[in-house]
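Please read the structure below before turning to the comments.
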Amino acid sequence: MDDKIVKPEPPLGGPPQGSRPHAPVGDGCFLGEEMKPQAPSYKEALARIKNWFRANSLWVMAYGTGCGAIELRPLATARFDMERLGIAMRPTPRQSNVLIVSGYLAVKSLKRVIRSYEQMPSPKWIVALGSCTINGGMYWDSYNTINRLDLYLPVDVYINGCMPRPEALVAGFQELMRRIKKGEADGWRHYMENLDWYKENQKKIITDWDLPEYNW
Amino acid sequence: MTETRERSKEVQIWFGPQHPGITGNMSVQTWLDGDTLTRGITHVGYLHRAFEKLMERRLYIQSFPIVCRICVPEPDTNEWLLASALEELSGLDREVPEKARWIRTLVLEMSRLGAMLMVLGGHAGSMGLGPAPQWMIALRDLVLDRFEELTGGRVYHMYIVYGGVRRDLPEGFAERMEQTLKTIESKLPLIDDVIFGSAVFRKRAMGVGVVPREWAFEMGISGPVIRAMGIPKDVRKDEPYEKYAELDFDVVTEEGSDIFARAMVRRREIQQSIDLIRQILARMPKEGPYCAELPNMLEWTIPVGQTYVRAESSRGEMGYYVVTDGSKKLRRVHVRGPSYVHGVSLLERLIPGTNIADLAPLMVSLQVCPPEIER
Amino acid sequence: MSLKHVLQPFNAWVQAFSKPYTIPMKDTMRPGADRYRGWHINDVEKCVGCGTCADICQNAAIDMVPVKDPVKGDSGLRPKIDYGRCCWCALCVDVCTTGSLGMSNEYTWVEKDPEKCRYTPGVDAKPWDGSEKGWRQEEGFSLIVKDRVPMPMLDPKERIKTWAEVVVGYSVEEARKEAARCVSCGLCVAACPAHMHIPDYIGAIRDGDFEKALDFIYDNNPMPEMCGKVCTRRCEGVCSVGIQGEPLAIRWLKRFATEQFEDFAKVLHPEVKRVGEGKKVAVVGGGPSGVTVAYYLAVRGFEVTIYEALPQLGGATFFGIPKYRFPMPSLEKQVDLLKKAGVKIVTDHRVEKDEFRRLLEENDALFFGTGLMKPYKLGVPGEDLEGVIYALDLLRDHHVGKKVEVGESVVVVGGGNVAIDASRVSRRLGAEVTIAYRRRREDMPADDEEIEDAEAEGIELVTQSIPLRVEKLENGKLDFIWGPAEMVPPDRPGGRPKPKLIEGVENHLQVDRVIVAIGQKGEFEWMPEEVAEKVVTSRGWVEVDETGMTQWPGIFAGGDLVNSTADAISAIADGLKAVEGIQQFTLEGLSVSKS
Amino acid sequence: MKEILKEIEERFGPIWERVQRPKLAQVGIEPAKAVPLLTWLKEHRGYVTLVHLSAVDWIEQGEFQLTWLLGNPETEERLMICSRIDRENPAAETVSGLWPQAVTYEQEINEMFGVSFPGSPRQGVPFILEGWKDIPPMRRDFDTVAFVEKHIPGREGRKHIDTRTYIGEKFGEKGYLHD
Amino acid sequence: MEFNSIQEVLDFAVRQEQKAGRFYGLMAEKSTDVVARKFFREMVGEERKHEAKLKAIKSGKLSGFSGQGTPQMNLTEVLGEPVFREDITLQEGLIIAMRAEKDAYEMYEGLKAFARDEELKKILEGLAAEELEHKARMESIYDQVVQREN
């Protein structure tokens, strides 16, 4: 597991510093033990190697939440072939560690996306495509789509474009891989630490809340 | 989920919205008796962005870019429908120049070709035939390159506008298009071998998901689904629009009305689109304006009126019911997509008795596009 | 399940030997197509900040942000694009009135911090700033209407035979069609000295609500029909639609709005507090500035009297401008409204020194806008010969109806509107006309449309000519002798280049009349000495502070005497300034009679 | 199209009609006679297909307009039957008996406009929206921007300047007839 | 007219300026047109300024003359020679002023011929240039005020 000790900077527009994390990180979370106080140096090297492997085998969950998913198809198939980058499409959240939010998110979809995201094993990353995830895009005045994704889910990389081309997606994935290798991409840890804040935002927008309270 | 589960041997499964087999973002709540489905309800709303509500808030020119987002694989039909509806209501259709009509027909056919390639890939993919979708999506990507060159955008073209189109054909477009068509044609026989020649596909497609003939007219079924029943219904022939009256092609029909027949109709329509594109490029006028003199788009008002325009999209008859009230904004627009009938009532009537493994191929064969259902 | 179908898929192995589709990794980043819609780029110099791109964007992705302070013709705002909203439809590029906004063909932008996904193209540096390729405006497609609705005009050949009005005026559909071209950016409001609500009244005309249009116009212009016919149209000079096309016909639309009503009083319902009850104001001079002060003070309850020396109100606009541009009845409706507002009008009444002193006693405030009524002389020998006359006198006599004789050929010295009017009047009186102007054609202060009309009517223009002297010939004609001039750079920045005489060369021109129209000056004989001493400057103008008050507290001034632009709308602007000044002055209990 | 319109006029009394295109005509009729007309057209005149059912909100006149679009497969002619119902507790007769797909249309119109179709199978069952507590959103008195401001936070940091008013302020544009 | 030292030349120039000042002062009282009156008063002030400048040069505070080099328009060749009248106008006043400056310029040019040594010549040239500068400024005012539309 990644043993970087530095406290992650809050997500932009995220909760105020020092908000009490839901449960001491580590217990109740799926993998439990990785948050030890001071790691000896060989752990540092081990972490870097793990990150390297992790970065070079990104498994993307096959869930096209928005219109950007259609540009994932040329990426997944022969023309741009993300296989050579080590990226593969996986059917279920249990087997994948990258969730692509490919554009707008209807409130109904947001509920399923949150559930899928929470079913993914840590470490997991979110790639947000297009302008709809940043500030609402074309549907900024629609009563059924969310305007800012980073209020509900921690986003590691934004790929801009409406919709971003396969080449832009390749650049985006390479950026994600670089950030993972450097150990910077830790949106999932931030989600765990500020679960209250995220849950509170999610409940505000999802009216018929019937999701579990914990991050399983 | 919250339904209380009576004690019965029936099992309830949610198929989607996160499922590799689903076509787009919808879910089918199914009740199973062993392997065969006894009942199914379609749930949509996962991609609802309230287009019609938004378009009531936008000027006419501002509704033009949002419309192509309704159906992603084939955006141009939407653009054309809104353009021709408002042209008819405002009287601008008399001024659309000749060349614009030809370019519009070309764009519509290219868009059909791209959508058909992807759906045929979906047919194979839903039955696990790995290589076919790889090739089909790659061929579709070649068509997208031509679109990028012509319209400035890969998937969303925002190109067919009121009064004509936004830009002229770039130089050498016809040659490059011919080159793309040749590449696609060279791959088609190979695709026939892999899909229609494969025993797996034939066994799992023939005789499965049969749509009875008598449902056809009553339910308003259209597109490849009705043509697979042997009924030659095609809007481009029934109510020819743009330049289709001057093109010679005949409606592709198959017998059997099962998944195999529908796939075969789509396969032959790919060839039909390729021939049509060649005809259009041959008869495309060289010079002439490509757009009419538009009024000041920030202040364009259309007199009161209502109309219903329809076009043949790859999934079937797509129509726009547009009502204007004399102001600068639409009073109402209702997008009638073919999937509204195919994906909900027809699918729910076909589900009882089919095997759970055949649900995905059945949905792909009906070419259900969820954003059309909930818009 | 025949064997054929089991084996047939294996044909796929053929594909193993053909060329792969996959694009090699090194050139995955293919450049976008030539007209690809990528990130925005903007030529910040060409852009005038009209905000039309922000209006058309349906995602409200464009905010206009101030980049430099606003000047006439440039609002100083520049579009800032929010890529959390943009959908790359490029409508902003196609609607751009100056063609400065474009799109590059770059498409890659990966960002960690969503706040950074906003920038002002052309101001914030971006790697794709200089890209030539990408979506640009093109000739064959335009979202705004560039050509003006043609205005029916009399044919040049016919109009020199008659005194009928040259500009016929728009019909209702033509006016509404022309008004529909407006993108209501507001640049014209800045250029107009009176800052009229131009986009609002054009919008009202477009919607067919002519009452509202007239109400907007009358909100800060009491002589709209006059402005609708003879204004110098600085607003049309900065109209954003006019940058790549023809500007809106703002002047003719104003005139159209006034032509729809016979009695303005029925249409206008001013709701202004009547603060001036019991206060008396005298206005000397019935020109545009005087009428403005009179009307807007009368509406506020002041008791206003106008003293006009000539038989009709209107000042220079009425007497200086001939009938074919400004027919006599054009002022009736406006003067009628003045009377209905309670203004007492005394015409044919030249205020002299002692009456001026009496007015100072009786009134709380006094406004004078007597304009420049005396012509400057040529100053060359031979000027006092019998054939040399002054343009102002010619126009006034002709206007009042006196018989004016100009003979067959005439030379008009000067390049302003007065010169052009004098030459077109002489043309209509049957003379061959030549205009002698000292500088170049582009320096001519006259309205360029007027110059074109004049040339269309067969008037010859001689530029860079300095008059030397006038001599009497035996056959009774005059010999107008002039020398060529070379241009010398101006001494103060922004000034006009100055003509310098080239000695030794003399050109002769035989004419019946020499009409002098080189400039006008104010006349102060009627003003008491003690007032003139305080008020008049050594250049013959009148100095006023920002409220329009002269050095003498309580005496206000405006019009050509005060401002240097010397056109009707600037006079009205001075009038409006004085209205505020007088209202403030009298409300503070001060009175000119006491000081 | 003319004959069918004349026939409808005779059988069903005063109607408003207009031929929009050679193969598309519009008929306006009172709500009570709408479904009988639809049934008659389906049974006896070959207009077998219900292409779509839509609702239009004429809030100014306080009415909803329901539009049934019927298609005749043989002659490919289309007939648009429109009828106006009152906006206060709107209700209309169901056609789900004639056409199975009408169930979905009626369910959506019920959810989006609040028009109830007594007797239609899935009335009140949410079709598109989930956990919706506000008034039916497609009604024109539902303001989507106000809803978004209240419930869906966006990204701050943007200030909208309207060039028209900005120039007016900067150059001191003033009116003298109204305070 | 023999000068044998710079001081003498400067004294002569100062006397000229004073004479011009009195000449304008006289015209200021007599003319009835308020604009002309104000213009002549302004010219009186102008001449006094020149005088002060010459005195400053005499007393060594100022080093020399700084001509701005306003472009000449030789209007004086073209315009007539108006004579002073009670009701003289600003236009004629300007022409009179231009002519006076031109005469002063020609006078200093003429004196240059008599100057014996280089020093004297330079001072006279400076004075001539100064007068020429004043004439050019008069011409520019004339062009601005009178020739507004020409």
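A few notes on this one:
Going by the order they are written in, the chains are A, B, C, D and E; count residues from 1 in each one.
Operating definition for what follows: a contact is a pair of C-beta atoms (placed from the backbone, for glycine too) under 8 Å apart; a residue touches a chain by one contact, two chains touch by 3 or more.
Not measured: the values here are computed from a predicted model.
Hopping across touching chains, the smallest step count from subunit A to subunit D is 1.
The chains that touch subunit A as well as subunit B are C, D. Shared contact partners of subunit A and subunit E, listed by label, are C. With centres computed from Cα atoms alone, the innermost chain of the structure is C. Note: centroid distance subunit B to subunit C, computed from Cα atoms, is 55 Å. Per-chain CA centroids place subunit A at a distance of 59 Å from subunit C. Here the spacing of subunit B and subunit D, counted between their Cα centres, is 24 Å. A separation of 49 Å divides the Cα centre of subunit C from that of subunit D.
Annotation for subunit C: residues touching 2 or more other chains are 21, 58, 60, 82, 84, 87-88, 114-115, 184. Shown for subunit A are the residues in touch with two or more other chains, namely 13, 78-79, 108, 134-136, 138, 140-145, 148, 162, 165. Those chain pairs judged to touch are A-B, A-C, A-D, B-C, B-D, C-D, C-E. If you check the complex, the residues on subunit A that touch subunit C are 12-13, 78-81, 84, 131, 133-138, 140, 148, 150, 155-162, 164-165, 167-168, 170-172, 175, 179. Put simply, subunit C touches subunit B in their complex at residues 1-2, 4-6, 8-9, 11-12, 14-15, 21, 32-37, 52, 55-58, 87-91, 94-95, 135, 138, 140-145, 180-184, 206. Note for the complex: subunit B touches subunit C at residues 58-59, 61-66, 129, 131, 135, 138, 148-149, 152-153, 156, 158, 161, 164, 166-168, 170, 190, 193-194, 197-199, 202-203, 289-291, 293-299. Those residues of subunit C lying in contact with subunit A across their complex are 20-23, 25, 28-30, 58-61, 82-88, 107-115, 117.
On subunit A, the positions that touch subunit B within their shared complex are 61-67, 70-71, 73-74, 76-79, 89, 91, 93, 104, 106, 108-109, 112, 116, 138-139, 141-145, 162-163, 165, 210.
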